[in-house]
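Each of the two complexes below includes subunit A, the first together with subunit B, the second together with subunit C.
Our next item is the complex of A and B:
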């Protein structure tokens, strides 16, 4: 009997402790800056073009082969009277979020700091009705960096 | 089978299927019980629902990519699973892991043991029938640990944080402070559980002398971890074959006496106290320094024709990696020695002769993770 009383006392003692539940989804807790949702491409604001050169390094390193990258000659390269130092630039880029295992390897291998893991809630709440909607193309991958929605965190 | 009881009166054994989606089972596990009245006469476990071919996938992936798959074999203690894998690679590549990285790894592995055992306590409480209370309490404490993991690695379950050679990136600046904070709430949580369950008469009635397995049987079946130690065998790989810096750390290995469900619960609870003790010692030894060896090749390649078996003490027992290299940047063969698979073999021995209701508790007390069993 004493054991049961003691265990009831433990339960009772939580009445005076503050609640620990969070009011998700109406309230979102703050995410740590290292939070890893899905990878996003970053936008170079100085030159107004993506950082990504389409070098395929991330595509080759991805364990689940969920990325597809196509490269093209950069139309705004210096040789074409543009202001960019990038001779090659990304043409098309797809990431299948449905397959991505959020391992951060693409971010680690990129030499141009052109890709980062989304550390905002928009990266976590990605439910769609059709699985093919999870295949993100270049404009979708670029949108959040363009509009300054993410503060990317990349390990040094 | 027909059992004769009263002359002229026939009783028949009944086959009951439990799972694979039964809420009381842990993961996608199915067992077929043969019952006579309320007594279990035979039990056949069916596994394989969660087989993903993780070992084979790792053979097609280099040593950095493989870490992610290890997470998914043991999703409740991913740090521990990653550890065995990277230790095997490091041993073959003859990499010297920097001291700081080793201490951080030890802290994270012990924290993961805590979070995993909290998960056990919660789920086990539900199995025993204490409804939601312990489950939610366990969740509360586990959440604090998982939040810390998220601040460090960026993910709540699949950390992918260990690398062959060290760690993927440095821990945040307030790491020590945060670990100390988490230990405070963990201590409180353990005390709550102790008060809630350990001497609770209803809990004792349900768990004492249920699902006994003797030390000899446990060893014969290849059991390991807390499930083995509850039967009175003091085998902890951290003590028996110290890896990392466990030989410089002072801690006890709690063992049970009876080998029943209650002992398996108690051993885990006591083990958590030791984990807290270990983490405190590690924090005191933590120093500044690099977290990766100097001169790491961009793509790690292993020497030809080498093989190794590395085992570590994961929360559920011996988590071993057998790695065969024929050169190149991928394993030629990778085998995961799963603690849960071996522990699960004891289920039949523990359950036969017990009540049906107890079979669920016994399954809970083994604390299996099906993704590790099936891989």
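Our next item is the complex of A and C:
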């Protein structure tokens, strides 16, 4: 009898507390600042070019070899009458999100703080119909940083 | 009611109109109840319940109904054709007949019957035949066991239910539901009959085959019991009957114990207020049923039977006897309140004694050291 009363009280307390369901696809929970999704390249707004110099440090450090980097001479370097101090700059950059295991090593080895882990929902909801669509090129990797979508912690 | 509805005096036309109103009301109420049950039960389990079909999942019952109507009407090859196909109607019609007497407001019922309560009990117990038919006709062991359980449970719990209603009728001095409601315009019957109220709720749960008394359809034991072979429209008939029976039981609860439309604001109220009062009281009962369903696990069949015959029935008889003594010697009615409260205490003590864990005896244990394996 005591058990029956207790169970009734328990269910009533859950009834009052209300649902704990997160309406995930329609409602997005706020992500923590240090949430770690896939790596992104950052955009230097002062000079209007990427931070990345294409130095291959991340490519060499990557344990799953998901990156491909190409380097070129910077057309807007001071010697070419530009305003940039970067002699070399990234030409092409691919990251295969299908292979990336989000280990954060590329971020740690980067000498120019040019790469960061995405901390927004766009880094988690990357479903595509074809596996080759997961290979991101330079404009795709830059887009988030250019439009200020990523949060403060990464941008610093 | 002597004069017809909408001033129509032709008897058969009047009957047809009332029939259609009841059918429409019943369908809408059942669909609403299924939706409300899913939502309330979900909240008890901290879920959301249906949200996708229509705004806040309101069209869930419509979608379910369409799906059930669209399903193939299967009949097992070995099933008894007549028994199998008539069983849903045998469950449904008695429930439908129950709508004849329930009072929605003053002068709002199909017919006022002098023996309304007896009529209600008689029709509601007829449904057991349908359950047994479904169990027998399906030619399936699970269905057979479920049907037998339904019969055993239905017959056992019919008695406390009848006795509890009779005790109320003694206090109200009428079997006519309209008179019972009218007699409660100052004090509702639950004040004089608290023990009977508890017995009515327990026996009512068993009559409706709802948790914790849903052993005939126990999904974990007999996989749906008598319904195991049914699909589509016939299966939905069973569920229509189940939820309509729940609604009727709620209305009877409101009328017999809570004073229906007459209490607590008197019988001079407008019809809208009366309907609102009855709706609130009915909802209270239905919410209680859902609450208990969310909280209490299913009983075993032997516990179920002994609870009915050894605890509920003697207590209900005792209440009838005390009622008789108090009414014959014209003692004040508050004596009934006190005895009813004492009765509830006794009931609680008896349940506690019944569910006390039994000490494990030595004979049943296995002791290999002494080679006395029993």
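Basically, the second predicted complex is superposed on the first by the 138 of 156 C-alpha atoms of A that agree within 3 Å, B and C clash if a C-alpha of one lies under 4 Å from a C-alpha of the other, contacts with A are read in each partner's own complex, and residues count from 1 in each chain.
The rule we apply is simple: a residue touches a chain if its C-beta (ideal position, glycine included) is under 8 Å from a C-beta of that chain, and two chains touch if they have at least 3 such contacts.
The shown structure was predicted, so the numbers you read here are calculated from the model rather than taken from an experiment.
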> Looking at the overlay, does A:12 come into contact with subunit B only (first), subunit C only (second), both, or neither?
Replying inline: second
>> By the touch definition at the top of the document, which applies to A:2: first (subunit B), second (subunit C), both, or neither?
In response: both
> In the superposed arrangement, which partner chain does A:34 touch: subunit B (first), subunit C (second), both, or neither?
Replying inline: first
> What is the contact status of A:20 with respect to subunit B (first) and subunit C (second): first, second, both, or neither?
Replying inline: both
> If you stack the two complexes on chain A, which partner ends up touching A:105: first (subunit B), second (subunit C), both, or neither?
Replying inline: first
> Which partner does A:61 reach: the first (subunit B), the second (subunit C), both, or neither?
Replying inline: first
>> Shared contact residues on subunit A, subunit B side and subunit C side combined as an intersection?
In response: 1-4, 7, 10-11, 14, 20
> Which residues of subunit A touch subunit B in their complex?
Replying inline: 1-4, 6-7, 9-11, 14, 20, 32, 34-36, 61, 63, 101-105, 108, 117, 119, 155-156
>> Show me the residue ranges of subunit A that touch subunit C in the complex, using the header's touch definition.
In response: 1-4, 7-8, 10-12, 14-15, 17-21, 23
> Which subunit C residues qualify as touching subunit A in the complex?
Replying inline: 40, 42-48, 291-292, 294-296, 348, 351-352, 355
> Taking the complex as given, what residues does subunit B use to touch subunit A?
Replying inline: 61, 64-65, 67-69, 72, 133, 137, 140, 143, 150-155, 158, 160, 168-170, 172, 192, 195-204
